[in-house]
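Pasting the structures here.
Heads up, the next two complexes both have chain A, just with different partners, chain B and then chain C.
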Partner chain A sequence: MINVDDLWHSYSHDKDYALKNVSFEISKGEALGFLGPSGAGKSTTQGILTGLLPLQKGKAVVGGYDISKPAREMFNRIGVSFEQSNVYGKLTALENLEFYRKLFDVPTADPRSLLKWVGLEKVINKRAEEFSKGMKHRLTFVRSMLNDPDIWFLDEPTTGLDPAIAGQIKDIIKEKKAGGTTIFLTTHNMYVADEICDRVAFIVDGEIKLIDSPRNLKIKYGERLVDVEFIDEGSLQQASFSLKDEKERNALLDVINTKKIETMHTREATLEQIFIRVTGRELAA
Partner chain B sequence: MEKNRTRSFFKKILLVTARDVKVDLRQAMALYMLLAPFLLALILRAFIPAAGNTTLNTAIIKDADTALILYLEQYASVEKGLEDEDALKSRISKTDDIFGVIGEADGSFRIIEQGNETEGSRQLLEFLLAGYSSASLPGAGGAEIKISELGWKVSPLRQYGASFLVLFMSMIGGMLIALNLIEEKMYNTIAALNVAPIAKSHIVTGKAIPGFILPVIHGFGTLLILGYSSVDFAKVTVVLLSVAMISVIIGFTAGVTSSEPISGIASMKSVFIPIAASIFGAIFLNEKWHVLLFWSPYYWAFKSMDGILLQTAGWAEIIRNTTIILALACIVFILLGKKIRRGLA
Partner chain C sequence: MRLLYSFLKELRLSTRSYYFYLEIIMAIIIIVVLRYVVPENFESSSRLFAYVSPDLADSISTKITDTHTGENAENTLILLDSIDAVVAVMEEDRNSVGLTVTSFQGSETPGTEIEYRLIFQGYESERLRNIMQASVSMIFAPPAFTGTPPKAAAVETIGQRNEHLSDRNSVLPPVLLLNAAFMGLFIIAAFIFMDKEEGTIKAFAVTPSHIWEYLLGKMAVMLLAGMLSGLMTVLLVAGSSANYVLLILLLAVSNLFGSSLGLLVASFFDNMAQAMGTIFIIIYLMAMPAVSYYMPAFSPLPMRILPSYPLLFAFRETLLDDPDYAMVLANAAIFAVVSVILFLLANKRYKKIITI
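Coming up: the complex of A and B.
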């Protein structure tokens, strides 16, 4: 559904590249997560693939449309949710969606039920300028679903939302994915990527370092960890120990033998930890 | 299929227009701009006593000719019963707009004025009195007095003021275009439009439409408020649509180059000076200096409007002036078009 080959991009049209040799593909019904720290080039990639940024170098085909000469009608099949919410403040939630839906030449979803889906049913007739940040974000998100897109671009769909709402959004994405929607998802939240994506791409400084499924990554790079909470000199301490590393195993034994243990859990390495191991960089912004 | 596509793109263009208008109606600044021309026209009308129905005020001494009083009362308000010429003079010296009329023994009239009276009223009064004299001579035919509203050539404030207001206010459409574009940029809603199946040219067309319709609505409203109900509105429309071109081009330019509303309005305001200069130039400069104003579309538009209001302009003249305006608009577009296209990308 999406084929990207050797994409380069420089905002300043010089050697200062925001994207370097980015190549990947997403097959029909697949969800690819773009995982990377702030400034890595995630939004830049989405911008190029949705025609908002010019294609400078490389090749990109989205849903059969060559992005170097984008056709307007391709947007009947594409949905784009933006990192920063962008809705009309002077229009109500419903008016925002009603306006946008009429731009499509294909059947569209009922705005009211979409708004209900993201918990905005009580404010459909309220102007978006009165919305909180999270409400605007949800409105931006549901707008991208109006045409029931085959290909869905989601730039940070859950960032900045409270956990309950983020969970709702995640469920909606999963449901759409189950329905066969192809998804390009950008995030620096590894839990979202882990839960939704068939494959994740680690991107740092404009370069893709690795693409694989979360499961493979965990098998390949993962290690079991033990988290321990213990009392040391009267105060509660916390530490994690890898079971792979001998030094850490001994340190863990030392803690068990000499300190008063409060809690102890084993867990798998997270995508975040794998990301740090592979790229040497933190994910968090 | 073709028909469907045509219908769908008209639909989308009008959708963009409707959204912009809806937002204008919900924004205090835009709403004010929509209403301003009518308010200004009403204010202007309040300053023009002779607009529409005449309110020519006269005063007359106690023992003046009754026939004269009856005659004047048909056309003007007449204050009677002043004792003598001195009383009349002191009455006239008050600040209001009033003329004294004294009938001389030889049948002629003397008009007493203070100098603060509305220009044109005096001509009207002379005209009325001349009409009375000829009517009272047997056979001279009172039918000569034809009270044509335009024939009076009253207040230049009304005549020039109307043209000035109509042309000046044609910029409002462009200002609203700029404001709407700036809003789309500030909130990046333009990006959402750019990933929807609507062509950029349709977005631009949809946003341009109010810039053409508003000057016509504003122009008609202003003229009607100022009492010009019998001018040729087809000609007015042609003039307004042509100057709207310029306002629309400038509106788009201000919209794409400004990042917030205040600077957008400010950059539009800079156009006011050339507009005002060309109109005042056309009014006050000697004809031989008018060549200095030929570069300005507003000069040609003013000439057209003036001719239309005086009902002296024929279609040939209107079309000639309009062609010049459109040619100048093309030059403006050549200068600014690239900037607009780049800004919209």
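Coming up: the complex of A and C.
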């Protein structure tokens, strides 16, 4: 659904590139997470793919539309949720959605249902300027669903939201993904990427350092240890066993067979730890 | 249809913002001032308060009063009892001149030789003072030409069109120009900056709509406000004497010109604070030809090449009983073309600047 090949971009139109040789593809129904710190090039990539930034160098095709000459019809098939809430403050939540839905040439979702989905059903007639930051963010988010997009661009969809609302948003994204929506998600939140994305791309200083599934990354870069707490001769003991070493695997089996196990956890590397290991940078930077 | 939705959305946004009412409130203030403060025509003649000393010969007193009470007398003469009374009344009536006529102190024949004194307010021009002095001098010492007054006299003008607006109606063209035509320049820029601040332009840009639909929606609201304020002003001030077909046409094109210029200007700035200087300079420049409008003798080339110059005179024509159709229609056509060009340029600019 999305094919990007050798994408370069410079805001100053010189050699100071914000994007360098970015290439990737996203299949139908797949969710790709662009993971990187602020200023890494995530939003620039999304800006080019949504036609908000001109394509300077390289090739990008979104839903079969060449981004070098984006056709307006393309926007009937894509949805864009911005990191910064951008709704009309003087309009109510319902008026905001009612206006935008009329701009599409395809059947659109019922604004009231969408607002209910994100818990805004009680404030549909309240002006957006009176909303909290989180409410505005939810309104911006559901607006991107109006045309039931095939391809969904989500820029930091849960940033700044309280955990309950963020969980709600993630559930909606997962539901849409299960329904076959292709998702391009940019975030610096590894947990969101881990939970939603089939694959993640680590981007730093405009360059993709690595693309793979979170599972593969964890297997490849994780330590594969098992931490066990067990009772031995009446006292609580702790031990870690490497699954790579045969001796330790046998020792773990022995503990399982002969001791009373209190707790047992596999110790996998988080995406953040892998990111730091691969790029030498921190995600929050 | 998207254009209609865009217009309706802009109308809703505008009516919930004070900028929209700015134009209407200004129109109401102008209407009230013109109808209840500004007279239909300003008084062209000033009152002359005079004191004539009682020790003058009767023939002199009679001559002075006769000169200023005739049917064609330019100034109304009001005789008072003392010099102090003249000064006191003049302080009340700032559109008056004072005259005292007394017997010349050094005269060998008291009461037959006079001494006069003209008293001005202080704001009068040197030219007016000289005219008054000459006028009063001629009362006492008329020039001896042929000895008999002319048998016939006529006044002619070289211009073919000499229809005049009343003083009140002549205020309307600059008002229409600034409030109905160019107020949109400022307001549409304000609306663009509000959208930029809220980021809603970006949200619009990722829909199948075209930028021109977004821009035209705003211009349509400006047109509505401009027409409303312009027609309301003319209807309540000039009544039925205006040619409303020409007026509506001219209001429409001048408003489109102003708002398309406003769109283009706003595209070069990020917020109102940055754009304020440029917008004010443009509005002041556009207001400058009002000087030539009120003083036609002062119409230098820099004034005449400003777009507001022909518009002012075209608006004036729409208020006359016998307007110059060709002149108004030519202006309307030219400004319609210029508006389209400015709009296309603005559309190109906005396509370029709407980025993340």
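Here, the second predicted complex is superposed on the first by the 240 of 285 C-alpha atoms of A that agree within 3 Å, B and C clash if a C-alpha of one lies under 4 Å from a C-alpha of the other, contacts with A are read in each partner's own complex, and residues count from 1 in each chain.
Definition applied: a residue touches a chain if its C-beta (ideal position, glycine included) is under 8 Å from a C-beta of that chain, and two chains touch if they have at least 3 such contacts.
Fair warning: this is a prediction, and the values are worked out from it, not measured in the lab.
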_Please determine, from the superposition on chain A, whether chain B and chain C clash or fit._
clash
*Applying the touch criterion given at the start, work out whether A:Val118 contacts chain B, chain C, both or neither, answering first, second, both or neither.*
neither
*What is the contact status of A:Thr44 with respect to chain B (first) and chain C (second): first, second, both, or neither?*
second
*Which partner does A:Glu73 contact after superposing on A: first (chain B), second (chain C), both, neither?*
both
*Could you say whether A:Arg143 touches chain B, chain C, both of them, or neither, answering first, second, both or neither?*
both
*What is the contact status of A:Gly89 with respect to chain B (first) and chain C (second): first, second, both, or neither?*
both
_Per the definitions at the top, what is the overlap between the chain A residues touching chain B and those touching chain C?_
50-52, 72-73, 75-76, 78, 80, 82, 84, 86-91, 95, 99-100, 102-105, 140, 143
*List of chain A residues in touch with chain C within their complex*: 43-44, 46-47, 50-53, 72-73, 75-76, 78, 80, 82, 84-91, 95, 99-100, 102-105, 140, 143
*Could you pull out which chain B residues touch chain A in their complex?*
8, 11-12, 15, 19, 22-23, 26-27, 183, 187-189, 191-199, 345
*Interface residues, chain A side, partner chain B - complex*: 50-52, 54, 72-76, 78, 80, 82, 84, 86-91, 95, 99-100, 102-105, 127, 140, 143
*What residues of chain C sit close enough to touch chain A in their complex?*
1-2, 5, 9, 12-13, 16-17, 198-200, 202-210, 354-356
